[in-house]
Amino acid sequence: MSLPFHPADGDPVPPALRGFARAHADLVELHEKPAHLVARHRAPARRVGLVSGGGSGHEPLHAGFLGRGMLDAVAPGKVFASPHNKQVLEASRKAAGPAGVIHVVKNYTGDRINFGIAAERLRLEGIEVRRVLVDDDLATESDETATGRRGTGATVVVEKLLGAAADTGLGLDELAALGAEFAAASRSLAVASRAQTSMHTGRPAFDLEAGELEYGVGIHGERAQKTIDRPGTEELVDRMLDELVAGLPEGPEEVLAVVNGMGGTTLLELYGLHDLVAAGLERRGLTLAGELVGTFVPALDMAGFSLTLTWLQPEWKAWWAAPAVTPAFPRTVEEVA
Amino acid sequence: MAFDQEAVLRRFAQAAEDAHAELTELDQRSGDGDFGDNLRGGLRDAVLRFEKGDGGVSAFGALGEVFLDEVGGTSGPLLGLLFTEIAHALDGTGTDAVAAFGEGAKAGLAAIQRVGEAQVGDRTLVDALAPAVEAVPQGFAAAARAAQEGADRTADLRARRGRASYVGERVKGEPDPGAVGIALFFRTVAEAAGQR
Amino acid sequence: MSLPFHPADGDPVPPALRGFARAHADLVELHEKPAHLVARHRAPARRVGLVSGGGSGHEPLHAGFLGRGMLDAVAPGKVFASPHNKQVLEASRKAAGPAGVIHVVKNYTGDRINFGIAAERLRLEGIEVRRVLVDDDLATESDETATGRRGTGATVVVEKLLGAAADTGLGLDELAALGAEFAAASRSLAVASRAQTSMHTGRPAFDLEAGELEYGVGIHGERAQKTIDRPGTEELVDRMLDELVAGLPEGPEEVLAVVNGMGGTTLLELYGLHDLVAAGLERRGLTLAGELVGTFVPALDMAGFSLTLTWLQPEWKAWWAAPAVTPAFPRTVEEVA
Amino acid sequence: MAFDQEAVLRRFAQAAEDAHAELTELDQRSGDGDFGDNLRGGLRDAVLRFEKGDGGVSAFGALGEVFLDEVGGTSGPLLGLLFTEIAHALDGTGTDAVAAFGEGAKAGLAAIQRVGEAQVGDRTLVDALAPAVEAVPQGFAAAARAAQEGADRTADLRARRGRASYVGERVKGEPDPGAVGIALFFRTVAEAAGQR
């Protein structure tokens, strides 16, 4: 079984990569064996290549963010599975700039190991590597486990800010430090009203009654720690904002908000949610200094949404506004008018 | 002292054939049961790659490439790091092979720990590798003994890394398959060097 | 009831419009009472304003296509309901260029009447109006009814091509004639594996068994004429391409393809489908000269996809490639590199 | 001949109050039952708008604006087009009010047909409006009679436009509510002009 419109049998990822590369042939180049994609254009001043990747099923992440102003290469794994280290290695070789490579890694054991192995191999080849770990998911904050918070919706924020920073010609250590700051300043929380379709059974990966809500869900259909009765949308957003603001470290008063669809949620809902988020932040005395609404880091076709807040340092604003010429990142303020 | 890489490769490959059933069973208890396949398959491919290279690639070079590039599972590329570091170290020196091997194994351990973030006691192959690396200066036989003892000790450990960490106490009683694989490796090194 | 993340009660459209206008404040301006949105920027050479609109629930259509290179103003109705003529009137007044206004209207009775009344009122005010009717849905082709084919996925194609043509400074009648040609050269066909969530019941608007497929579905959850057993995806695409090519009038050998998600379908599926479409067109000796893959004209959160083919005349290619600086239309070949 | 717009507005509003139940019932048979509400509500609002305008807006101007801007249903804005065209025509001439009214009604019919695409015989308000417009040159009484006859004839028609087209033969036997509304309008015009 699989999703309704996947190939009848076989891995759905290779044909999707081909279709993607075809549709965006002006922006990206697909390499097979091992599968990786490389951006065709990069800012002349960029000295460090930016590489990301991870399991498939979260499109447009990451390949949709290949291009000037964001990523230089990506390694897509099978659905919900880490890419092989060889994919990361090849992607990194092609992406490497004179000052090296940064790996943007979502915090999952498999991703850490495979990107880590690729990093070791790159070092043996004389290519300098640093890692930026994205670990924003507040639902997995716990003192008990060593694994730390999962990496989820903030990934698009980190990739955007880091891409723009890299385009200014910053060096490897400076970018790695900045990337860590971006991630540290970000927290996300996700809810679902319907699980994604399981690739194995073709049915929802877990059951929810009508009116129930999975609160704190992950992007691979990991169930949350709690299932709650769905509150009114206004109340739900309020509760999520409360937890996010409380979960963030101290920061400036300006904040960037991402209202992200989990795959099966309409723009009509997401924009309505954004209206509530904007009002809720204002009520809390926070200034909304950047915003992104749409489906950027989904879990296949899950019905749900995540909210990400990132404290925005004054210097970061220009990076958020800088254009990103990619298949999926929307136009920014700076390139309009 | 000379160091016959090819002999290590061939002996290790044979040992993995012999231990396949045992390793599979150990990984079935604690993981997903593919460790025996991963190790044996990688070694078969490494032998082929070495033979095809016709002298152009060292035995450890072949091991490193195959395990990094082709072998699945968590252990595959981690072992690949170890073999690659050893290959580099052996390449870089004409003189003391034991010392070079020791340097390579040490660098491999460091890389494995950087990547996998496991400490001694987490019930992984690090529990066999770390003491073996420490013992190499005392000779390959000492290293092989240290690896075996390390592997044996994992039987009493609860896993804190890898797939086995999900099953809690249930893994206790039998050793960690990856650690057993490392002990196998050091034994073949010692045998190939005639130190056993 | 409503969709899971709509406001607890009341019309979900006004908050969504506010959230949209906030998120894209650099590109669009929202006017309330009556609700309409206006693009902030337009090409200096454009002499004719382009206005569209229709029921909500098809986002990003139409508001997502406001901006340079596409639409000047839009009138969003309630979910799946025609906008009021006053919305169209106000949108058109603001959009009108020195040479008048074109209404891009999807072929539904309500939309025809409301846009028609607005057009009458505009004429009384001395503003010249022409209509471009989009009627691409092959599933509603029939000799028996006078209503004609529904307007669906080709709308985004017509809006894109017409926008670029308008930016060259063409006049009202020329653009109206071109728009009619774009629509006449386009056919679409849609399938669904799960109906959209009903705004009234909160459950799928119609039932489909696992493995069934609604073949020829509309964008308001109108059931199709047939429900079939879901064929393999390769076979399905082949059948749809056969019918589309047979349903199109004679045309050149170059074709533009849109693989459009109906709301709850993943990009992983859509890009995989695009790979099949590209191969299928090639097998038929057709040249794929333009392509668009994503969720552009959905029916709320329906799981399904539509294929649109448009014969692409040689002169039209530059219009397809011209940049569209809007919230939702992807980057085009021309603006990259 | 003078033409008292205000008198038409007030009489028409009263007529819609009186006919509300009947019109509602007719639209319940063939549509969604809101035609009586739409017409009466629009007329109430038009009277208010006219009174608030305090001479600044003509009675037909107020009718046109309200029906175009505020009244729901298919009939609302279509009637708005008719009233607006009549308002324009009456504004534009100081001399022959009957002729001006006739021109306006004719332009209104044309606009309604451009927009709604209904022909005579489709069982819509066009079935009453078209013969009325034709009869205006013979005077308002003749127009009112023609409208009434047109409305009566719709009872034998099957609907080809609007919501009633979905229910097929079942609408036959009673006239189309929109057409009855048009007959009402022309009757009030004739009455206001003292031609009945």
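In order of appearance the chains are A, B, C and D, and numbering begins at 1 in each one.
Note that a contact is a pair of C-beta atoms (placed from the backbone, for glycine too) under 8 Å apart; a residue touches a chain by one contact, two chains touch by 3 or more.
These numbers were taken from a predicted model, which means no experiment stands behind them.
Novice: Counting only C-alpha atoms to place each centre, which chain is farthest from chain C?
Specialist: Centre of mass proxy via C-alpha means gives B as farthest from chain C.
Novice: Please report how many Å separate the Cα centroid of chain A from that of chain D, as a whole number.
Specialist: 59
Novice: Mind checking the centre-to-centre distance between chain A and chain B? Centres are C-alpha means, answer in whole Å.
Specialist: 35
Novice: Round to the nearest whole Å and give the separation of the Cα centres of chain A and chain C.
Specialist: Distance between chain centres, rounded to whole Å: 29 Å.
Novice: For chain C, write out the residues touching at least two other chains, lowest number first.
Specialist: Not one residue in chain C touches at least two other chains.
Novice: Which parts of chain B, given as residue numbers and ranges, touch two or more other chains?
Specialist: Nothing qualifies.
Novice: Could you draw the chains as nodes, link the ones that touch, and say if you get a line, ring, star, complete or other?
Specialist: line
Novice: Which chain pairs here would you call touching?
Specialist: Listed in label order, the chain pairs in contact are A-B, A-C, C-D.
Novice: Within the complex, which stretch of chain D touches chain C?
Specialist: 68-69, 74, 77-78, 80-81, 84-85, 88, 111, 114-117, 160
Novice: How about chain C: which of its residues touch chain D in the complex?
Specialist: Touching chain D: residues 85-86, 112-114, 116-117, 119-121, 124, 146 of chain C.
Novice: Show me the residue ranges of chain C that touch chain A in the complex, using the header's touch definition.
Specialist: Going through chain C, the ones touching chain A are 3-8, 12-13, 15-20, 22-23, 26-27, 40-41, 56-57, 59-60, 64, 67, 79, 193-194, 202-203, 210, 230, 232-236, 259, 263-276, 278, 291-293, 295, 298, 300-301, 303-305, 325-328, 330-331, 333, 335-337.
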